[in-house]
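Same chain, two partners: subunit A is paired with subunit B first, then with subunit C.
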Partner chain A sequence: MTDAITIKNLTYSYPEQGGLFQDFSLSVKEGEWLAIVGHNGSGKSTLAKLILGLLDFEEGRIKVFDQVLSEQTLAAVRSTVGMVFQNPDNQFVGATVADDVAFGLENRQIPSLEMPAKIEKALKQVGMNAYADREPHTLSGGQKQRVAMASVLALEPKVIILDEATAMLDPEGKQAVLQNLKELKARYQDELTLIMITHDMEEAAMADRVAVIDDGKLIFDEKPETLFLKGERLRELGLTQPFAMALREQLGIQNPAYQTTQELVAWLSTLKA
Partner chain B sequence: MNNLVIGQFVPGDGLLYRLDPRTKILMTIVYVFMLVFANGWTTYLWSAAFLLLALILTKQGLGLYWRGIKPILWLILFTVVLQLLFSGGTPVLFALGPVKVTAPGLMNAIYVVVRFVLIVLMSTILTITTPPTAIASAIESLLKPLKVLRVPVAELALMLSIALRFVPLLMGETDKIMKAQKSRGMSLSTGSLVKRAKAVIPLLVPLFVGALQRALDLANAMEVRGFESAEGRTRYRELAYGRDDTLAFFATLLFFLGFIWLSIL
Partner chain C sequence: MVINIEGLDFAYGAGKQTVPVLKDINLTIESGKITAIIGQTGSGKSTLVQQLNALLKPTAGQVVVGEQVVTSQTKEKDLAPIRAKVGMVFQFPESQLFAPTVLEDVMYGPLNFGASQKEAKEAAEKALSAVGFDQKLYEQSPFNLSGGQMRRVALAGVLAMNPETMVFDEPAAGLDPAGQAELLQLLKDLRDSGKTIVLISHQMEQVLALADQVVVMKDGQVAAAEAVDTLFSRPKAWFEEQHLDLPETIAFQKEMEAAGFTFDHLAKTGADLAAQLKGQLDLSKLGGDHHE
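Here is the complex of A and B:
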């Protein structure tokens, strides 16, 4: 399978605080769902900004499909990769939901007549089509994030990066956004690559693969099933385990296999019987 | 703040909602401009009749317009008092010491109230029936000739629509900061004027910092979605001049001619 995103020998320093990434490499396969986790300031959001050319790096190479990121390919890369940011309010450009989805289409110079159908389709995919004429301040945080997803989806990207997209949401809004992501992934399968930057381990457990970053270094890069068995090491990195795994450890249950909350519940109830 | 009707869009389906926003802006400008030249009760009556027609065509309840007038009642009252007391002239209707209320003063006061109310109502009709985005794109379209002078009209219009979009957000944020500072003992309503002015600073600083952060985030979000320049973008909402607009044009022309006829009569 081809790589959707390849980062090779990347070096980047913050303008004032100094070095962050040193000879950093990471690749994401087409159709993969990757979670990037790390504590605050570990460089995970910076990585997303680097991929989209919002920050300039010093050395190394970032490749998006067969395009090497540069001044010339910036527009092409941005039409392949979409991004949903953390703050629901600060990425809402339009005055209404439909206008916001239209913003990207207008930039791409899609003819006016084709827009309503594309907007409708994108909003349907996130279940927000009934809200097309609503103004942002009448929406909840979760709804705004779903509109932000629709705005990205309308541009038909191959890769979507979610930069802590659920961090500012209430539990309900968060569940709605995550549910939506699952549906999208199920619909597009290998045509959609998802990169989810998060510090929520329940979220990370949804991914196919988890990359753990600490101070610009790639510490782990493996499946959630194996990663979440390393409770001690994760805590050292300022991270936690998913609830089920933490609970199991607290209970002193020795079980070498990874379990989701449902699996643990099922397993515990067999014990009782 | 939420009761403020001026500048607020209220969804509806009257004829005025279907007009091209450019038509409505031009109509409002012509109307306000003409009112400045109103010189007697006939012209005021004529203007009021035109306004009434517009009011009916919005299909909105009168209560909404009353709420539009209410916040400026004090301002109107203030100008009325000024006109009543300081217009001078004869005959004197009644006097209380050095304060005289004269007949021309009374006339002036009535005219000022009528003019004030008519102007406010007409602009309220414009904003009630036109969403801010439509106003922004109408302004862009109307200012197009300025492109010859290298005025960045498209950029200005985009800035305007983004600014409008952030007004409710920043208002909410101001409210939040104000409450946070109040809970720490700040008071904006007591103390000397200097003290009160100083109390505004801890309000403004976080507001500005927040606004700058938002601006940076928004710039990123816009770039990622392919924004390069306000020029050369297609439009989701195309402005279209229709049959109703021609109708409105003739109505305004009729008003204009009638107004001139009445004022030279």
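Here is the complex of A and C:
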């Protein structure tokens, strides 16, 4: 399978604080769902900005499908990769929800006759079609993030990066966004590559693969099921372990298999004295 | 200082255009404790806490803050002492930082309440040290700080006014697990230093770990107001009715109870839950090489 994103031997330093990535490599396959996790300041959001060409790096190469990121390919890369940011309140420009989705399309010079259908399709995909005429500020945080996602979807990107897109939402809003992501992935399958930057392990559990980053270094790169068995190491990295796995460790029972909460309850029930 | 809410109704707007938000609220916010206010989005939590420092005044009924009574008739000029006693830390408070340096930002509140430069500086330094902020960064621009540091500066800004009660709206939102843990410890430290803390939170783990008392809001009314252990001893179905999640530890305990395990008390931590479960498991059923 082709790589959607290839980062090779990347070196990047913060303008003031100094070195972050040194000879960093990571690739994401087409159609893959990758979670990038790490504590605040680990470099995970910076990585997203580097992929989008929002920051300049010193050495190395970033490739988005067959385009090597450079000034010449910047526009092409940004039309391939869409990004949803953390703060639902900083992403709106339009007077209505539909205007907001239209804004991105106008920037791409999509003929205005084609726009209504594209807007409707995008809003439908996030379950926000009924809100097309609403003013964005009247929406809840979760609804705003779904509209932000619709604005990205309308441009038909092959890759969507979500940078802590649920961190500022209440549990209900968060579940609505995550459910929506699952539906999108199920609909587009290999045509949509998802990169989810998060420190929430419940979200990371949804991914096919998790990359753990600490101070610009790739510490783990594996399936969530095996990563979640590494409780102590995760805590050292300022991350948490899913509840069931932490509890099993505390019970002092060794079991090489990952278990969800429901699975652990069922399994412990068979061990009842 | 105790805050009493007595027969409070509140509606936004006036005349025929009113939207009722809070209905017949009777509550006591106890001094020196952490009271968590929980409930679905739109249940009235934020509107309720704005009554505590008279940012909003009751439509009917009254709020008694220490000695002072606030009703719909209370004049704006009489509210200043209440605002000084009850400090509000809104969601994402770092978005309200504005001064060129950290120290000046924190001094702004005390200066505004009539402190001299010297007093304001002392209050700011004390508050910054209470939130564990590095002294070397006092002259930095607040905008060069990390998210967690910015949030501390914003908290210090409220703390510098030395309110008796502090109200926090989702104080740990958006921080990573380490940042959240530090912030929650800070709230405990503030309580232990004698402050009354009111906390709005959607994070049930936080409520369980921190709160002494919990107020559950539903559709603008109080659905429950009780000690945290009493609340989480309620059946799972009750929480579903309120559209509230249970903390993972509690949810797990309830599942195990349904499977026939017994517990002598509510487990607040995974370690406590594990300790109570251990004696009830027969690990020999696993075969030799699975257990320690």
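The criterion applied here is as follows: the second predicted complex is superposed on the first by the 265 of 273 C-alpha atoms of A that agree within 3 Å, B and C clash if a C-alpha of one lies under 4 Å from a C-alpha of the other, contacts with A are read in each partner's own complex, and residues count from 1 in each chain.
Going forward, contacts are C-beta pairs under 8 Å (C-beta built on N, C-alpha and C of every residue); 3 or more make two chains touch, one makes a residue touch a chain.
Given the structure is predicted, the values throughout are model-derived calculations rather than measurements.
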{"item": "Subunit B versus subunit C as contact partner of A:Ser151, first or second or both or neither", "value": "first"}
{"item": "Which superposed partner A:Gln143 touches (first subunit B, second subunit C, both, neither)", "value": "neither"}
{"item": "Subunit B versus subunit C as contact partner of A:Ala167, first or second or both or neither", "value": "second"}
{"item": "A:Gln259 touches, of subunit B and subunit C: first, second, both or neither?", "value": "neither"}
{"item": "Which superposed partner A:Thr240 touches (first subunit B, second subunit C, both, neither)", "value": "second"}
{"item": "First (subunit B), second (subunit C), both or neither touched by A:Thr270", "value": "second"}
{"item": "Which superposed partner A:His39 touches (first subunit B, second subunit C, both, neither)", "value": "second"}
{"item": "Contacting residues of subunit B [partner subunit A, same complex]", "value": "11, 131-133, 161-162, 164-165, 168-169, 172, 213-214, 217-218, 220-228, 232-238"}
{"item": "Subunit B-facing residues of subunit A, complex", "value": "49, 52, 54, 75, 78-79, 82-83, 85, 87, 89-96, 98-99, 102-112, 115, 119, 133, 135-137, 151-152, 155"}
{"item": "Touching residues (chain side subunit A, partner subunit C) in the complex", "value": "16, 39-41, 86, 140, 164, 167-168, 170-173, 199, 238-240, 243-244, 246-247, 250-255, 261, 265, 268-273"}
{"item": "Subunit C - residues contacting subunit A, complex", "value": "40-41, 92, 144, 146-148, 173-179, 202, 243, 245, 248-249, 251-252, 255-256, 259-261, 270-271, 273-274, 277-283, 285-286, 290-292"}
